[in-house]
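Got a structure for you, written out below as structure tokens; questions coming shortly.
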């Protein structure tokens, strides 16, 4: 028999995974997805309790969670978009200027291991002399 | 609207509206016409107030109290917004608005072209509003509010030329010195509130005290505390020092506030509280003594002053002392008579003293701002209207027979005489005070005419500040002078000596009737006392004669014998110096000690505050600006907390 | 499993701790960063964590196996939700993360369905998968950068973050376990102490009712077409008699337990052993239904007896079978009465607009304000630098 406790345990695990994601991921959009996932964990709790008590109040709560999640998504995405327009980045760690005076900023020291892939080859429009890259220049002789 | 009570709020509202309009005018670049609202409001209010006087006088009912509107209430304290109209307040209201109208007209000429024109008229309107409110208020705390309102306006107007350090200092002095008196006033109100069955409405309070006679000592204390306020506001000894300095303000302000209206607020307060004072003879004799001392002292200081406005200021202090002399007899003699004497002197004094100040202003206007009588003289030919009107005012002030000052001074002296002949205690004191009053009357006549001769007689001398355009003032200034001169000459003879209109009118005031009842003094049938009148005439004419003999050349040359006396007078009896040594210096030492102690406390406080700063320095790096780091700290903290709870609960 | 002769609490705690540690290691290894990322190690650790977690569930909260279909679906959806959640967290590419989130939502909706929340299932799919995720994808498209970037290829404190998250989760699980122990352990008088309100029907009663339904089905199919040709009437009659008696006992005990469960608890509390009926509508409806079944029971089995014993006035086989089917449906309904009301949407709407009307209005207002706010934020002039 599946009991209330199974659902509660699964919901707690879902919440925990979302929490880890929220704490560690730096992409603001991913952070918000993780927050939504935490909300889902809570929603499972509510529905399970509704089932257990044999009434619908828990489900009503989930309705409100849905409404709040929709609001949150709208506002948060608008904010994220605005921040992106300002800083050309979705990195939450870019916005650390509100620290105490005299505290050094957190700067990533380890370089990203993957080089930026070369731009895909394109054709110059007809009738225009193509500008050559350095490597092409070397190979040209 | 024909009801007396309907007129009172209109009279009160008019100057307030004028104040707002004047302020708006000066804001939107119409400062040039800022005088229009004040003149219109005062004129209309004066007409209404005179109507009010006529209405109050007729019929059987003589007092109207408006329905109480709760202003605020807390516990036992319930403060109502109530106005009262009775003969006392209506005559005062008429006087204030009438004088204010002419002074406003005069000001529009006198202040012409000043850069603070709009500000001046806005504050003047506010002053007239506060004064009307003070007169009409039927609640002690409401009275205090308007009382402070006139104080504030006085401060603003004395410091009108605030760029001048002396004006700013004078304004501050006026405000602080009156504040000493106001402290006592407030304490007195609290005491009365406790004694009077937790009432603050004047009429209710008097009624309560009449039915429940209070403890005599308590009542005397309360009366003296109230008198403290009056002493501060009406510039009585020892708090008179602010009034001469207040002459730093524009002269019309001195005329309106520091001669005719605000400084008489103390007299009005005591007249209004006559039911209380009539029951406290111990307080009354102190009031009379303070009045007598002030009258003599100020008159003595006025003897040798060379600043025309200061002479007038000290004369105001002295005349206010006269009013308190009269008030101090209420209870010993019939309060109706005493209050009538004081209020009548107040009434006539308002006319001639406002007139004198305005003529002084006119002189000052022509002399390019110079007011020192040693620097000009012989202006008789140059300024004929000013000369004549000044003469009228001076004669009235000196108490030349048949002029208004003569009649009112006569009433004051009569009240003192009646008090010295009564069957109550302190008759000796009142007799001494009567002698002082005669002496003061002599000195008054002397210094008034000294100033007159020095200004208008002798060869013509004009200071260089006046330039070449020393001339008679324009019509907008001389017409008010003429109107007030007529008032100074005839208001006394019209109102009292033959018709007894004034005393009968005031006698209807219910609070005075109540005071008469409480004191048990028998009413005095008014009769003309030839002895007193003759004596006072002799003293007045003697003073004028001495002044004529000494100053008819228009210059001051003193015989060596009286030079020390004049030196003492010129230095104001060294009162300022005594205050400085006795109060200001010790206060300075105390302040220095307090500063040292404060430094010690500051050091302690800094030591304490450096501890959290040190800790803060240590944990500061936690605040690194990374949002996710904060979230991580929150999650970790929550984990630790939940772990603690779970493990403690399950154990 | 119990190698170290631990007591159950220690065992559960150990399992939780082990699962949490494995999850921390797995997530820390899997989270994107320039150096030290180990996908294989991470996945291995996570699988270990999942196994331990499942073992904990089995061990602590009982074997979900008897309800085969339900438990299979439960495991499936749970694994889906947690697995795709893990993918969302550890996936570098946010677009793929969003797809993984869509699957998390779908799995959660499966769980909702198992919990009889049909409307919520539909609503969640529509709102999340249909609206929110699409919006996320739009924003991603508007703001995606090429190549590796700080936000996608680095993590903030992977070890500490995973530790904090899973320490918290472990604590919650342990608390759940302790609470479970308390609410279901036998109290002094041997009665099962129910801290929470009792369900309308106990599980045992529902199982018995389901059993009766099965028996009725079986007997009904063996009913011969013509009662005259019946071979072993006595055995048949005996079977029916048995079923009848069983219905009487079970339905009777259902009724009794409704009258009794609150009676005993309130009697203990107030010291007054009076009969207190449960007043909630569901309990009242169950009582009414049980009474109806008992009345119908008599009638149906008289007819069945007549038929089986070939009474001259017996009804036709179709009629008797129809009556038996009717009884069977009634019993089935009673067995299902412990479930949530079947008219999920209607009842949800009723509740929303009666008990929670103000909250509904507030939520609507909030949505409106959020819409306006989002528009005004996104169109601010200063934002376009």
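Think of it as A, B and C in the order they're written, each chain with its own count starting at 1.
As a convention for this text, a residue touches a chain if its C-beta (ideal position, glycine included) is under 8 Å from a C-beta of that chain, and two chains touch if they have at least 3 such contacts.
Since this is a predicted model, take the numbers as computed values, not measurements.
Peer 1: Give the identifier of the chain nearest to the protein's overall CA centre, each chain being represented by its own CA mean.
Peer 2: Taking the mean of all protein C-alpha atoms as reference, the closest chain is B.
Peer 1: Going by the contact definition above, tell me which chain pair has the most C-beta pairs touching.
Peer 2: The chain pair sharing the largest number of C-beta contacts is A-C.
Peer 1: Distance between subunit A and subunit C based on Cα centroids, please, to the nearest Å.
Peer 2: Going by mean C-alpha positions, subunit A sits 30 Å from subunit C.
Peer 1: Please compute the C-alpha centroid of subunit B, do the same for subunit C, then give the distance between them in whole Å.
Peer 2: 87
Peer 1: Distance between subunit A and subunit B based on Cα centroids, please, to the nearest Å.
Peer 2: 76
Peer 1: If you look at subunit A, which of its residues touch at least two other chains?
Peer 2: Answer for subunit A, listing residues that touch two or more other chains: 19, 23-24, 26, 92-93.
Peer 1: So which bits of subunit B are touching at least two other chains?
Peer 2: In subunit B, the residues touching two or more other chains are 626, 628, 632, 635.
Peer 1: So which bits of subunit C are touching at least two other chains?
Peer 2: In subunit C, residues 156-157, 160-161, 164-165, 168, 172 touch at least two other chains, as defined above.
Peer 1: Residues of subunit B touching subunit A in their complex?
Peer 2: The touching residues are 620-621, 623-628, 631-632, 635.
Peer 1: What does subunit C use to touch subunit B in their complex?
Peer 2: Residues of subunit C touching subunit B: 156-157, 160-161, 164-165, 167-168, 171-172, 174-175, 178.
Peer 1: What residues of subunit A sit close enough to touch subunit B in their complex?
Peer 2: 19, 22-24, 26, 31, 92-93, 95-100, 102-103, 105-106
Peer 1: Help me check something: in the complex, which residues belonging to subunit B touch subunit C?
Peer 2: Result: residues 626, 628-629, 632, 635-636, 638-639, 642-643, 646, 650 of subunit B touch subunit C.
Peer 1: Give the list of subunit C residues in touch with subunit A in this complex.
Peer 2: Per the touch definition, subunit C meets subunit A at residues 23, 27, 31, 33-35, 53, 56-57, 60-62, 64, 66-67, 70-71, 74, 78, 81-82, 85-86, 88-89, 94, 97-98, 101, 104-105, 108, 111-112, 114-117, 119-120, 123-124, 127-128, 131-132, 135-136, 139-140, 142-143, 145-158, 160-162, 164-166, 168-169, 172-173, 176, 180, 196-197, 199-200, 203, 282, 338-341, 344, 347-348, 351-352, 355-356, 359, 363-364, 366-367, 369-371, 373-375, 377-378, 380, 383-385.
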